[in-house]
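When the chains are written out, they are named A, B, C and D in that same order, and each has its own residue count from 1.
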Amino acid sequence: MEQMNTAPDMSVSLGPLVLTNPVMTASGTFGYAEEFVSLVPLHELGGVVVKGISVAPRAGNPPPRVVETPCGMLNAIGLENVGVDRFISEKMPFLRTCECRVIVNILGDFIEEYAELAARLTDIPGVDGLEINISCPNVKKGGVAFGTVPEMAAAVTRAVRESTHLPVIVKLSPNVTDIVTMAKVVEDNGAHAISLINTLIGMAIDVRTRRPKLGNIIGGLSGPAIKPVALRMVWQVASAVRVPVIGIGGIGTAEDAVEFLLAGATAVQVGTANFYNPSAVCEILTGIQKYLLEQGEQSVQSIIGTLRLEG
Amino acid sequence: MEQMNTAPDMSVSLGPLVLTNPVMTASGTFGYAEEFVSLVPLHELGGVVVKGISVAPRAGNPPPRVVETPCGMLNAIGLENVGVDRFISEKMPFLRTCECRVIVNILGDFIEEYAELAARLTDIPGVDGLEINISCPNVKKGGVAFGTVPEMAAAVTRAVRESTHLPVIVKLSPNVTDIVTMAKVVEDNGAHAISLINTLIGMAIDVRTRRPKLGNIIGGLSGPAIKPVALRMVWQVASAVRVPVIGIGGIGTAEDAVEFLLAGATAVQVGTANFYNPSAVCEILTGIQKYLLEQGEQSVQSIIGTLRLEG
Amino acid sequence: MSEFQEKSRVVAVEQLADTFYRLTLSAPQIASSSQPGQFVMAACGPYLDPLLRRPFSVHRRCDTHSIQLLFRVVGRGTELLAAKRPGDVLHLIGPLGRGFDIDDADRVCLVGGGIGIAPLLFLAEELRLSQRTCTVLLGSRTAGELHQLTVEFNALGCEVEVATDDGSAGYHGLVADLLGPCLTGVKRCYACGPTPMMARTAQLCLAGRIPCQVSLEAHMACGLGACLGCTVHGTADRYLHICRQGPVLNAEEVAWNR
Amino acid sequence: MSEFQEKSRVVAVEQLADTFYRLTLSAPQIASSSQPGQFVMAACGPYLDPLLRRPFSVHRRCDTHSIQLLFRVVGRGTELLAAKRPGDVLHLIGPLGRGFDIDDADRVCLVGGGIGIAPLLFLAEELRLSQRTCTVLLGSRTAGELHQLTVEFNALGCEVEVATDDGSAGYHGLVADLLGPCLTGVKRCYACGPTPMMARTAQLCLAGRIPCQVSLEAHMACGLGACLGCTVHGTADRYLHICRQGPVLNAEEVAWNR
């Protein structure tokens, strides 16, 4: 009984990367952290994954860029970002003060750009790891997303690993027939951890004007609506690879997060929930601790992958 | 002005199959129609797609079989059905009285079963068409779903076409990287029409018991949550094939239905909405008519595929 | 079987205990055609979350135009119901399913556990209309949840015995423990509550060769027999669909050990 | 910039016209730090549909602990807000964004169209505190929507002119048509309303070399500058993010022709 009242051990390891707790924020949903400084105690986070960064700054897509859907939202931001130089000079100084792990999400149109980003970010103080967004179109291969073709995902992963000694997380796209094959391929090519899922591709139409509701016509679906798909993919992947898996997709409560941990995720990322409830990350953190106490568990590690399938 | 007050022409054609209006009910969500007799004026429907039928009766999966998710639900019914013989003897008599088109959704573990079902149903009075559910696992190919491998989808489509002179609709699974390839393959192999989407594969976990919430562990996600994905796929497919497309996925209001029509669907099927609002089909029918009047359109055909992408 | 889709209006909201609420609803079509043991599907939320309707037994038929639902707040749907106020609208479909069989048994026993008590008040009213002798055994977590209901069963002329988990009223323990001694002379038994309670009741009745009916629960999407979601394991190795073949089943139809 | 996540309580609900409602909310942190033109993000629904918070301008700061929102019912979020009752909770984040600049211009003109009038009452209050001469031009569909608001602007000592689409009050036509004659002597102009109205106002002010600020709208997911969703076309071929760089912008920053 005494043991059960002591706070459970919340630390987890993503390969070489150790986190004080498994609750991170997802790329593109938490800006560069500074946007949340007055609402969220940033030092309590297990990690912040910053908005995707490219070699050159990007202006992004024409408006409208976001639209609500049932229990979800579509976004077509178009990977707007300040570019790696300004990221390092303008955003990293604040991020270094956060006292939490900083993962930089990187993206490009060519494999060479991913490698360049990895090299540029390697020795920047405060950068704790990289997350490769492979949902981007490969310009050389006619715009097919890196994340939908195993060979291309393999090549990006390898190129990044060869360009940095930082921990490398590969973030998978869910818009594939066989997520397990994608996961195995990036594992075999050196990913230290795998995060999933990125957004599902979706669309919405304004019936009055007969136009798409997004300037870009199609966009990425996120939020609670996609949670069942994300959880299924995380379970499938975690059952098939040896590297740690990070669960993403519709997580908004501690119960959601625990579902992903039980399914085999070592950590989770909170995305869209930061928009509708900036307290979500803190509530999730406290809620996981409460759950562990209720279940008589001493550490978060001890529940990872403990989904019961027998009888 | 005079013209605009006359009721718009709601009829549509799915290849050889003419419907009085484009609003049908989706397989597995409207039973054998008799379940709704006191709630829905069945003769007003464009068509009823009955619960998937197999050669032999199936008991289905162990409970729990359904669970609610944010703006959606997961089901793992396991294709429970009475089998083709009892379907013909017990269910068709009522369906013949409905005064609406009856489409029989068929499924099997082997290509031969699909062919056998098609042959059996061909001369049954009251059967107006077949819808092939290719989301089922192919037992000969180690349980990979017919609907995820182009060659297998092609073979099933061909086999069914060769076994019947009834109109054949092929219903696509959304759990693929490239829905357009699947659509083209079934078109090339003789599908008179293509319906999409079937459910996305998802999962949910009960954190208290640490067990999956479904007896079958994974299940199919349906309802408003999936609408953006369905609409995107319908738009992609309708832009790429010549045969008519039937839009399915999260349709619950006339506005939803019109989105699919604008995206290029010739008809729609209403699924999960029948559960939470049995009046949905009628509301959708009236709502489409109202929309056509407001937009000054004389027929539903004239809005199909009129999504505006320019400027 | 004929069911109605009805836009009911909230007439009254009562909080009977901490998490026990009772709604009185004006719903003439459903009220005039419900049988004890039947249920309604209620659309609890304003929009698409919660999405599915929730099943609730008809707790009482007040008169030919209104019914009551008794419910425990356990999640989002029931939270929204508890927040209803007089005049609010509640969309219902009902009456649904197969209710309790009332035969000529002149001495019957009703066993209700927790919120499973809900359908039994309606049943008791029907039974008392034709002067059957009714023993009612009620079990719950704590006294507060039973107080008002006990008064109402008593008012109907039923003999009521109570059990509570915390011993705050009546017998300190399980309601099923009260059943054995009561069964003498009983011609028929009806039970609704947690599965172990119903299984125990079924077992005792089987031993005493007393016909027993139970009201089961399962997750439901439609309540209409269309989704095939509401399965429970039946004997004879087949699945039963609670919304059409039940919710009331003969105890021997149910595979209690599954 | 410092914003608060605050659990406000509904103090009053007023229906000003057919679809115009006003909420008075007790929200001390937000009330004590809001500037005219800033907005709040309100969580309208009980659960996950509607999912995202909705942006609303601070319509008025009643005192140091309460604010008002004025809104038009256009969809699900605003429907839920209109159904709020005193005592209900409303979760807010605010104050957000960049408000109106108040400089030493002693004679200003405020142009509001439809629900775009919302932030102007707060602005007028601040301007009148320091005795600026305020001409207020209000446009709307019909007289009913303007009645109460006109009274309130008048009570502040503003000179109010009105235009309605249906001619039921004041000028029969667009509010922007009233602006030309009023601009003489005006040192600064503030506008909020439909885009064509603001574009017209911007154009007239540009011609008259009068500094003009406008309050824009865009679909917002976060209101915090994090999602990058709330883009409008700016001049200099760049995108502006309304929630941080706005909602109030200098008229010349906006690419009106896009």
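The criterion applied here is as follows: contacts are C-beta pairs under 8 Å (C-beta built on N, C-alpha and C of every residue); 3 or more make two chains touch, one makes a residue touch a chain.
Only a predicted model underlies this, so the values are computations on that prediction, with no experimental measurement involved.
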{"item": "Chains touching both chain B and chain C", "value": "A, D"}
{"item": "Centroid-based (C-alpha) most distant chain relative to chain B", "value": "D"}
{"item": "Approximate Å spacing (C-alpha centroids) for the pair chain C, chain D", "value": "53"}
{"item": "Approximate Å spacing (C-alpha centroids) for the pair chain B, chain D", "value": "46"}
{"item": "Inter-chain centre distance, chain A versus chain D - centres from mean C-alpha coordinates, in Å", "value": "36"}
{"item": "Chain A and chain B, separation of their C-alpha mean positions in angstrom", "value": "34"}
{"item": "Touching two or more other chains - residues of chain A", "value": "70-72, 223-224"}
{"item": "Numbers and ranges of chain D residues touching at least 2 other chains", "value": "48-50"}
{"item": "Pairwise touch network: line, ring, star, complete, or other", "value": "complete"}
{"item": "Touch list for chain C against partner chain A, complex", "value": "48-49"}
{"item": "Of chain B, residues touching chain A in the complex", "value": "69-72, 74, 148, 175-178, 200-205, 207, 209-212, 217-218, 221, 223-229, 231-232, 235, 250, 255, 258-259, 262-263, 291, 306-309"}
{"item": "Touching residues (chain side chain A, partner chain C) in the complex", "value": "70-71"}
{"item": "Chain D residues touching chain A - in the complex, by the definition given at the top", "value": "1-5, 43, 48-53, 93, 218-222, 224-233, 238-239"}
{"item": "In the complex with chain C, residue positions of chain B that touch it", "value": "28-31, 35-36, 38-39, 51, 59-60, 62-68, 70-73, 75, 77, 80, 223-224, 252, 272, 274-279"}
